[in-house]
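Here chain A shows up in two complexes: once beside chain B, once beside chain C.
Coming up: the complex of A and B.
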């Protein structure tokens, strides 16, 4: 007996049972049977056809007019069959897309695996978590032969794949202009030109770019419309805003970016973040910048990496473990 | 998360009254209302943002797109009445320097 016959016999016995006694139990068996048919990709018109063949066997003298009506029903079901098959193929395409996104996300992780450099006299902490599979946040450290370290932190508008693709473009542009690394303003001007030519009109990128020179303990930086970070003055034990003036990347062809400088003394910190940090909403409202500062202060006795990890954990709790936006936090601290 | 848009037209001047939240979900709705207006040469669009209590970067993106469209088509766009939270976004991003913003510190009514 092949599958078809088995199916036929099974259906026949369930139907016979039901015709004799209309019990809930038999109905339930019918439901189970239909689930199995779906698993075996039996189309709606095949199901009706099965029913009709069983009926014809059980009631050989079924009136011709009724038989004709079944043919009519079969014809009707063909449309449903098309819809069903379309659904099936969409489902398999969706699975395929999902696995492709998974691969892309892994690639992105490799691409951006921002190894923290080892800079003498500098304690570095960095964390970046995507809200969805792929991140529109970006941070990147580069160390040169003079032991100078540049750091970029960027946020691409929107989330998901378009943002991630756009961010890859940023990374390649940054990698291809190494001679500019020492001049934060020039780096942003160059990036702005590239972004302006290559993004959708509704898209833009915010970026903070800094360079730390350990020989003079100076941090040079510029910003393109990025959420301001903080500077922690250890002697005064005060946090202040790390203000930068500059238009987001990708809006206006000719934009220049002002460069700023801060000298770091022992235990001073530079704190950089993405707006996912300050724009996140807990159940009780927005998380204010003061609260972020308070969190950093709470863990200030820990290492830079431990601080960013703890702040992330705390924000995650506040948002009930559901990130709404990509999250990036980077801390540089001059060691004593 | 909800966005209401009311439109009033007086010849070549269009008023859009926006209320609610502008984020990734509602931004397309705003874009659909805004872009056809900025695409008309010589027309002026005033966007009233006093009742917008939240906007994220996707919302800013819509205004960036509208600005580019107005430059391209020779129309104008002006934002007005935004709350201080929304205004801060325009200031941080430097967009307040390129987009015409009427300096009326509006609040929610």
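Coming up: the complex of A and C.
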């Protein structure tokens, strides 16, 4: 007996049962049988045909008119079969696409993996979480032979794959101009030129770039339209905005970026973030920058990494675990 | 009976004619009712494409044999505008006539073999076979 016969016999016995006694149990068996048929990719027209051939065996003298009506039903079901098979094929294509995206996302993770450097006297915390599979946020640390550490944090306006592709370009550009690393303003000017020339005009990138020189405990920075970070003055126990002046990358060919400097004393902190942090939305509206500050303050006794982790966890909870935008938060703290 | 036929397609009646002769031949060859309906639907789609996009053409249906296997072959040809991007029309979800699940990929799935040959401004030939199991 082949599969088809087996199926026929099984269906026949369930149907006979049901005709004898209309029990819920038999209907349940029918439901299970139909699930099996779907697993075996039996199309709707085949299911109807199965039913009709069983009927014809059970009731050999069905009127011809009724038989004809089954042929008509079969014809109708072909269209459903058409749609059903298209659905199956689209589904397998979707799975294929998803696994491709998965691979690309892993590649991006390796590419952007911002290994936190070990800088003497500096406590560093960093977290970056994509809203979708691929991130349009970016952060990157580079440490040079003088122990100076540069940090870049960028956000592509837009999400998902296009933003991620754009991000990779930023990374390569940064890697290819190491001599500029010491001048935040020049780094942004160079990037602006590359973005302006290579990226679709509807795509913008904001960036904050900073350099910490542990020899003089100074932080030099510049920003291109990026969400302002915070500076925490430990002595005064106050947070202030880390304001920068400069146009978003890719808007105009010739733009210059002003450079700023801050000296860090013991326990002072520099806090950098993407707008995914401040644009978190809870049921009661946007989360205010003050609230972010309050959260940081709440965990200020912890290490820099623990602070960013806790803030992320809290915001994630506030948004009911649904990130709307890529989220990146970086904290530098001068150790005492 | 001579198992082959050729129907010229110029209007919707001709689509029905093509379906009818396809169904007759399928029955003659011993296809079951489900396969008859599938073959007919495939013919119907192909003939309809000719009618809608080329204006006129023909649908030839014949019996084929290969290594003891028996089958039915449909050949739909026209000298219409041709298909610019064959890969695109063979993609699911791309159908200009707006029918759900219809179109060439649907026909391909209903049949066992499917080849398409088309040149812009010269026309299209689609050949498709269903084998008897």
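Here, the second predicted complex is superposed on the first by the 332 of 336 C-alpha atoms of A that agree within 3 Å, B and C clash if a C-alpha of one lies under 4 Å from a C-alpha of the other, contacts with A are read in each partner's own complex, and residues count from 1 in each chain.
Everything that follows uses one rule, which is that a residue touches a chain if its C-beta (ideal position, glycine included) is under 8 Å from a C-beta of that chain, and two chains touch if they have at least 3 such contacts.
Computed from a predicted structure; not experimentally measured.
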{"item": "Touched partner set for A:275, first chain B, second chain C, both or neither", "value": "first"}
{"item": "Touching partner for A:155 - first (chain B), second (chain C), both, neither", "value": "first"}
{"item": "Contacts of A:247 with chain B and chain C, given as first, second, both or neither", "value": "first"}
{"item": "Partner chain in contact with A:49 - chain B first, chain C second, else both or neither", "value": "second"}
{"item": "Which of chain B and chain C A:82 touches, first, second, both or neither", "value": "second"}
{"item": "Dominant toucher of chain A (residue count), chain B or chain C", "value": "B"}
{"item": "Partner chain(s) touched by A:189 [first = chain B, second = chain C, both, neither]", "value": "neither"}
{"item": "Interface residues of chain A shared between complexes with chain B and chain C", "value": "none"}
{"item": "Footprint of chain C on chain A - complex, ascending", "value": "45-46, 49, 52, 71, 74-75, 78-79, 81-87, 89-90, 93"}
{"item": "For the chain C and chain A complex, residues of the former touching the latter", "value": "32-34, 37-38, 40-41, 92-93, 100-102, 105-106, 109-110"}
{"item": "Contact footprint of chain B on chain A as seen in their complex", "value": "155, 157-159, 200-204, 206, 224-228, 245-248, 250-252, 275, 279, 325"}
{"item": "Touch list for chain B against partner chain A, complex", "value": "24, 31, 56-58, 60-62, 64-65, 67-69, 92-95, 97-98"}
